[in-house]
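The structure appears right after this line, and notes come after that.
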Amino acid sequence: MSIALQSAGFSYPGSAPALRDISLEVPSGDFLLVTGHNGAGKSSLLRLLNGMLKPNTGCILIDGRDTKTTPVSSLAPVVSVTFQHPGDQIFASTVFDEVRFGPRQLHRPDPDRDCREALVLLGLESFSSSHPYDLSPANRKLLTIASAVASGSPYLAFDEPTVNLSQPERVKLSSMLHRLGDAGRSFIIVSHDLEFFLPIAKRILLLHAGRISFLGDRRDIQRYENLARKAGVRLPHSFRLRPHVGLPLLPD
Amino acid sequence: MQLRVPEKLAMTLCLLVTSLTAPPHLSLALVTLMLIARRAIPGLRPMDNPTARRFRTVLGFLLGGAIIMTFLNGVLIREGPILFQWAGISLYDGGIEFGVRTGSRLLLMTSALLILFGSTPLSGITTFLHQIGVPIQIVMTIHLTVHFVASMPSRIERIYSAQEARGAPLRAHSLSRMFSLMSILSPLILSSIVESIERGKALELRGYSSAPRRADDTVPFSSPYSILTICFLLLSIAALLLPWLLG
Amino acid sequence: MSSRIRHQFDRELDGAGLPFVAFCIALNLTVGQITAALKLPLYLDSVGTVLAAVLCGPLSAILAGALSNILAGAFGNPSMMFFVPVVIVIGAFSGYLAKRGWFRSWYLAAAGGVLQGVLAAAVSAPIAAFLFGGVMFAGTDVLVLYFRSVGNTLLQSVFYQGLSSDPVDKIVTYLLVYFICRNLPLRLLQRFHGGNNILASKTAQ
Amino acid sequence: MAPRITIDNLAYRYFAAGNPVFVGLSLEIPPGTCCAVLGPTGAGKTTLLEILSGIAGSQCKTSVAEGIIQIGENQYEPIPKATLFPGVGLLLQDPDVQISGIRDTVAAEVEFTLEQLSISATDRQRRVRDILADLGLSPLSQRHPLGVSGGERQRIALASVLVASPSLLLLDEPANALDSRSQHLLKGILRSRKETTTIILTDYSIDFALGLADMFVVLAAGRLVFQGTSTDFFKALVSMQDLLPIEYWKLLQSRLPKTRVRIPL
């Protein structure tokens, strides 16, 4: 199972191309961190991945199927994309029902179990009968992440998952990412929060003005840093200082 | 000549009343007059290009629609003498007359309202409403609504994508689409309720209280009733009596 | 405005009520985009009005309805302005039903929708017939013409056309509002003046 | 005149049958203090500000409260029933919500606050001009309030609160979503107001409050864990380990070393 973009390009009608000539393969078990300036095409990329947008040029193959000819509903079992604002998707009256919506729609064999497991993974099990809007904003964000986890899709894509999360929720998120990563799930994460994701990502993709400016292993971070500076993205202080005290740029 | 808001409102009222009572040829004459006035009088010119474009589209659409409806009425409403017969289709006078009357009325109403709202910024109208004593809540609601309407399409679009990505059957057969309606409307309403409560807090914290504490010293309204306003108001009454005047 | 109405008006449009009514109007004006995207043959253009009726109260619903049509008239279809009396009736009626507790169970809400649909058709028929000759420049015009060509009067034809679509539309509207409001957490409900319309049934459960 | 705030034995719950937000909370904040309220999520920080501003009393119709609150000369039993505008101002967490959106320019948006008071139009405009200049917003005064950057929006929201000259200023997580430059600017604005205003702000981590607050209050699950000066706070932090959730305690600890040098002991 894999996601492959073959020189895919996309432009919104009547405006300059948002993405140009993107060739990229995300193999199973990958953890791809997508970075770039605002407007570099990151969210368009996410929408291309689940077939919401169709590429104008090139093609995107998800599990071997072309997104142009496959309906979104049959791509959702492979790639689950979660957007930034919890308010855009929460509609059920309990946390449990909200999380169960995904697995049910995707006809998973045991939605209740998927749902319970996802809630436990994100430490929300004690809220399962609460109303989503009785949760703190940070937990509501985790709830949307739990919805994606419960859907059972092998590829999970998140848009800025750490925004609005404070320390305890970040710990929960990172433990979830580690555990599911070990279990073979793949992640595609769009984020500005390099401090959080650089230590766990396997590969980094840097978008600049709709093109791939850097795509490589996290060990190539030095090369990334040079390109990123040109693209207007800076590594967090805590990383840039490390070489000065004799540490490698990235912790292992 | 610079028309002020009360004058324009009185003029629109006059035109609306006329559209209801006047015979078709008078309505059409007034429409033509309005179209000329829209170019000639600075106070009636559209505020910007999009408004001008919208005026042309709406009016063009209406004109086309009116012609088609007149024709259909002529065919289907079999009253009065037959005017025209061709290949088994007969046009009846009663239907045509009915179509022309309705069409000209709609044209006049639409052009009057479009010219009013195309040439007057909304804040001008709401300021006037507030000055003549419309409660501040209503004025504020109008402003907030305009603000929300502008942000609504992108919000709906975001919710639509988020739910489709979770597998909501937005393109399935109609019964499940019916269910999907909940999955779109519910987040929209829930998040708006939360937002309303937060906005309500902010409003109250800034001194808004529903028990009106009206600022009495708003810019005094110099003279709401100019000669022109009164003329238009009198004309409206005359228009109301038009059927009786024409016998 | 008599002082009692004024007082009720002030109470309904308190801090949270005012932005919410504005949202309801915006919803009325844009819900068509949702039904169009889902390709559903429904208008639902009074869903905001009914929502305001349940959460804020009858006067807010009347205001929401009236302003929806006036603004729709100002920014798109001017003939909407002449249907302000219809939406005022819809607002007042749904406000009354909400107050009497018709939104406490789904079957009462559905029944309310039917009544509302018939009422809406009855009130809009004379306006559509006498001001516009039944011509609304929509697909439904053909239906009106059909009813007329089989020998009904104009008023009857417009009313029958209304009956063919309004009740279904209003049942869906009422049920949507019922389910959405029932799912609201108490914390949010209590902030609205009309929250009690549903609060009582929720706490009873 | 900056008021003294006294909270005596406050108990509060949103519903008669619900969980209490506060139980027996007592606090005293001297006039002209900048007080930082810290605590993990759900500790009741926002609720405390909402109670003091009067918005809780005015909007939460089913809530139940006990105790006495004193703000300056005024005593409320148990809590204020309506918003205490213009004496008390509260800056909400999300500036986009605070900006009403019913006015087209920044100046008009800020002036809206004053329209609720009986002040002459010329006075209003003068006060708006002054406050915009104070907050460095004068160049934006004719822009649309929502068409500016996030940091500027928050300053507009703050201006719309400050223009009423509240003597008690409450800020809910003002540092959230602000970059370090805007935070620095905001700190300067708040420092310059200390003379005439009592300030209470909430802060999840203490980064923003450090160097600004003279008094710290730590809440956890609706109970008072600590109240005292900043110096005392750093000393007492070690002993709070058992009273705070461990992750939160670690977070506070981790923020300290960098700044400890600055504190004159």
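Each chain gets a letter, A, B, C and D, in the order it is written, and its residues are counted from 1.
Throughout what follows, contacts are C-beta pairs under 8 Å (C-beta built on N, C-alpha and C of every residue); 3 or more make two chains touch, one makes a residue touch a chain.
The model shown is predicted, which means the values in this text are computed figures rather than measured ones.
Student: Please identify each chain that touches chain B as well as chain D.
Tutor: A, C
Student: Most central chain by CA mean?
Tutor: It is chain C that sits nearest the middle.
Student: Which chain has its C-alpha centre farthest away from the C-alpha centre of chain A?
Tutor: B
Student: Between which chains do we find the greatest number of C-beta pairs in contact?
Tutor: B-C
Student: Could you state the distance in Å from the CA-based centre of chain A to that of chain B?
Tutor: Centre-to-centre distance between chain A and chain B: 45 Å.
Student: Between chain A and chain C, what's the gap in Å when you average each chain's C-alpha atoms?
Tutor: 41
Student: How many angstrom between the C-alpha centroids of chain C and chain B?
Tutor: Computed value for the inter-centroid distance: 18 Å.
Student: From the mean C-alpha coordinate of chain A to that of chain D, what's the distance rounded to whole Å?
Tutor: Going by mean C-alpha positions, chain A sits 35 Å from chain D.
Student: Going by the contact rule already set, what residues in chain B reach two or more other chains?
Tutor: 140, 144, 147, 182, 186, 190, 194-195, 197, 199-201, 203-204, 208
Student: On chain D, where are the residues touching two or more other chains?
Tutor: In chain D, the residues touching two or more other chains are 58-59.
Student: Mind pulling the chain A residues that touch 2 or more other chains?
Tutor: 91-92, 133
Student: Using the definition of touching given at the top, classify the network of chains in this structure as line, ring, star, complete or other.
Tutor: Its topology is that of a complete graph.
Student: Applying the document's contact rule, which stretches of chain D touch chain C when the two form their complex?
Tutor: Contact set of chain D toward chain C: 14-15, 58-62.
Student: Taking the touch rule as given, give the residues of chain B at its contact with chain A in the complex, in rising order.
Tutor: 155, 158-159, 161-169, 171-172, 182-183, 186-187, 190-191, 194
Student: Quick one: which bits of chain B touch chain D in the complex? Just the residue numbers, please.
Tutor: The touching residues are 123, 140, 143-144, 147, 195, 197-209, 213, 215-219.
Student: Report the residues of chain D in contact with chain B in the complex, numbered from low to high.
Tutor: Touching chain B: residues 50, 53, 55, 58-59, 82-83, 85-86, 89-90, 92, 94, 97-98, 100-104, 112-113, 115-118, 120-121, 160-161, 164 of chain D.
Student: Show which residues of chain A lie in contact with chain C when the two form their complex.
Tutor: Listed in rising order, the residues are 91-93, 131, 133-134.
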